[in-house]
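Read through the structure below, which is laid out as structure tokens, and then see the notes.
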Amino acid sequence: MRRVAEKRCVYPGSFDPVTNGHVDIIERAAALFDEVTVAILHNPAKTGRFPVEKRMEMLKKACAHLPNVRFDHFGGLLVDYMRRSDCRVVVRGLRSTADFESESTMAQLNRALAPEVETLFLPASPLHSVVSSSAVREIALFGGDFSPFVPACIVQDVQNAFDPKP
Amino acid sequence: MRRVAEKRCVYPGSFDPVTNGHVDIIERAAALFDEVTVAILHNPAKTGRFPVEKRMEMLKKACAHLPNVRFDHFGGLLVDYMRRSDCRVVVRGLRSTADFESESTMAQLNRALAPEVETLFLPASPLHSVVSSSAVREIALFGGDFSPFVPACIVQDVQNAFDPKP
Amino acid sequence: MRRVAEKRCVYPGSFDPVTNGHVDIIERAAALFDEVTVAILHNPAKTGRFPVEKRMEMLKKACAHLPNVRFDHFGGLLVDYMRRSDCRVVVRGLRSTADFESESTMAQLNRALAPEVETLFLPASPLHSVVSSSAVREIALFGGDFSPFVPACIVQDVQNAFDPKP
Amino acid sequence: MRRVAEKRCVYPGSFDPVTNGHVDIIERAAALFDEVTVAILHNPAKTGRFPVEKRMEMLKKACAHLPNVRFDHFGGLLVDYMRRSDCRVVVRGLRSTADFESESTMAQLNRALAPEVETLFLPASPLHSVVSSSAVREIALFGGDFSPFVPACIVQDVQNAFDPKP
Amino acid sequence: MRRVAEKRCVYPGSFDPVTNGHVDIIERAAALFDEVTVAILHNPAKTGRFPVEKRMEMLKKACAHLPNVRFDHFGGLLVDYMRRSDCRVVVRGLRSTADFESESTMAQLNRALAPEVETLFLPASPLHSVVSSSAVREIALFGGDFSPFVPACIVQDVQNAFDPKP
Amino acid sequence: MRRVAEKRCVYPGSFDPVTNGHVDIIERAAALFDEVTVAILHNPAKTGRFPVEKRMEMLKKACAHLPNVRFDHFGGLLVDYMRRSDCRVVVRGLRSTADFESESTMAQLNRALAPEVETLFLPASPLHSVVSSSAVREIALFGGDFSPFVPACIVQDVQNAFDPKP
């Protein structure tokens, strides 16, 4: 058995766009590991609302205060990305029992595919437990005030994406 | 913000007695951290089936193959124990949505009491998702075969505790 | 703090079509409040099976025995509609833990957007706990007998929408 | 059918002791109804940690800013108390799916016993979703800092109950 | 592999006392199997409210219309009882996700102990989904009307057990 | 009431493609009933990944060791298929509380449509509790090793469907 403590973790997600809930998990992971890689999953079959480059730009702004966080993107299976990255720890947040059900199934599947990869779950902070990227998009689409749910530094980026073009 | 990766974690529980599910979590934690402390909670108001000393003896036998695991016991609040131990990471396994509900509430309460203490959840391996100390005790009480659920090296210890005295 | 008891509530939904479960909630809300507004959400991005006008016509027939119920429709965010209507109480029924999970998240988001708006949940009556508009549409699509799930006065309306055109 | 809007509600519970989560529900109910009765259930078979008189004293202090809230206590079935009080609306908070499961079962039973009595559920505010009287008692028992979870004006009362007698 | 269709099943429970929910499951099981054995679990460590003999008497009255139902009682592990009875099918009702969680864990444990024993779950009828023996006992204890929840023929038996002795 | 024990059951599903979890349920059902019909639902509105003929071919290979299993396909409502087949027992597996929620709702709807049709639930074996056809398709799409999740005899069939055409 390996005895070297894991120093790095990957926090995968769509981040379409990054929310305060994501930043909370990233900050907490950054206090636990020497290096956190925030990895944007891009699904060729499902175009997100924001291009991957824009999502990464927003993530970088939102995490500028966290020196030990780096950013990446990947397609395909998470376990393949983990192996390419030579990293064995996935971090995910859990907001609700629905999250737990889908995330624990995913974690078990990933362990079946790559037994050395562990998924560690952090319970979402209560203040962020109702925030989701899809809620932010929905509120922005209808002109509501989504600013309580995303980092202040990306509010304008999100706004621009939903504003009617002149 | 602290930038030192956490090297140590505490896995608290009653371990009354240790099960294969516990050992699975301990092994996985031992592969993630430099040092894992398995900490037996002794509740003065609720006598367990086995004395704390016996629980620790069984834990030590069951984890003899894990050099970076140490054992301890504590009373009172987990957050006080964490601070006394100068450790910031609690590890817990999740077998079911019922586990998730009670464990995430506990984790949030602990964060409210000690914001620097994080609880990391590991999803129980499917094979161990139905095992519990209370099930082992119930099966043993009625003379059933509990041996699939506990480490082979403690089967006799458990048996002795439930055998009628001559 | 305001001390005037709330006299009006809004019961929002798709009502595509209205079911006996909806009517049960409307009747119970109508016994609790001076005025209940049943508000059809029309989502420009998701065409329903029935046009909004038809949904309202069916709702009016199904609630003809309830003098203190009025009908409306809206697009955009519920909280904006609530403010335009100068109403602070949303009523929603809960059939299952899945309903609870999604509805409580929605209610918390709405409180974050408009702190004065409260969502009150009524537990669905057991008899109606498995009924949904989507089940009615599915059963009707395949020529099954959906009549136990919708008010008698709209059975023919639903039937007509699914009958093959001559 | 009755057409008079309900002006009064009952918020029943053990309040052993009152928490910030309780006060949040009481404040929100007091903004929705002309009069809220906070009714302490005393169960002869289960002595609480605090005597009913002390629980009421703490509730009154915690709700001193709410002029339309009154206090009472009762034994036996809630539906009998509702009928004696000539009140038809029960208010309860929901913190989790576990809460939802037990509370909706209770509400359905009460409707079977007294069809005119409705239970309205308010989703707990995220900040208060992990607080419970039993957690407060547990933390206080072990000398932890429970003050974030209860109204400031009752902290000393709770402390006194758990301090070792000289 | 065995190819003989199972003709008999066991429906185990406490039946303290039998409810309409139990009778519904028994009737449905009796339509599926040639023979249903209703088996009362008596737990030496947990005295029920009714003696086992009285529980069986009430069950027999409640199922007098079902010729292919027989009655028994047992202590110890269910799997041992199944083997003594040479029966491989356990039937249980599911009322809620909480039921599902505890019952599926129990079923998996029993399969680990006796792989040939299967547990078949029937979803409780919506009308009976909130009924439980413990609710009946609680309502009876406080003099409420529990008669909607139990078979008419045992109402007096239950009443007698809770009436104050003269 | 009918007193003839049910000898036949239907196990409906999409089987797109068959997984080890499906085969486990089929084997267990085949040990409980004289005849099991595995019935592929084909939904005209939702094309599967594999044509119905291919799904049936794979099912037949995967169940070649089970002499009392036959195969069929159907469109429309399950209850209509059950009546055409003169069969009263539906068998379904339950992997999670999410499964339980959707499956028990479906079972109740089916009982409302056809009261003589019962749905029996088997708890999924822990080893198969995270396997699903959609996970197999996702893993295969990205070139991962899905072979632990499907019968060995169909691995090549699945592979072929996802291999890039030359």
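In this document, chain identifiers A, B, C, D, E and F correspond to the written order of the chains, with residue numbering beginning at 1 in each.
Heads up, the rule we're going with is that contacts are C-beta pairs under 8 Å (C-beta built on N, C-alpha and C of every residue); 3 or more make two chains touch, one makes a residue touch a chain.
The structure displayed is predicted, hence computed values, not measured ones.
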item: Shared interface partners, meaning chains that touch chain A and chain E; value: B, C, D, F
item: Repeated interface matching A-C, over half of the contact pairs identical, chosen among D-E, C-D or E-F; value: D-E
item: Far-end chain from chain D, centres as C-alpha averages; value: F
item: For chain A paired with chain D, centre-to-centre distance based on mean C-alpha positions, whole Å; value: 38
item: Interchain centroid distance [CA atoms averaged], chain D/chain F, Å; value: 48
item: Mean-CA-position distance for chain D and chain B (Å); value: 34
item: Junction residues of chain C, two or more chains touched; value: 97-98, 101, 108, 126, 129-130
item: Touching chain combinations (by label order); value: A-B, A-C, A-D, A-F, B-D, B-E, B-F, C-D, C-E, C-F, D-E, E-F
item: Sites on chain F touched by chain B in the complex; value: 97, 126-127, 129-130
item: Interfacial residue positions of chain D with respect to chain C in the complex; value: 1-3, 5-7, 27-28, 30-34, 65-68, 88-89, 94, 97, 100-101, 104, 107-108, 111, 118-123, 125-126
item: Chain D partner contacts - residues on chain E that touch it in the complex; value: 96-98, 129-132, 135, 139, 142-145, 148-149
item: Residues of chain D that touch chain E when the two form their complex; value: 75-77, 79-80, 97-98, 101-102, 105, 108-109, 112-113
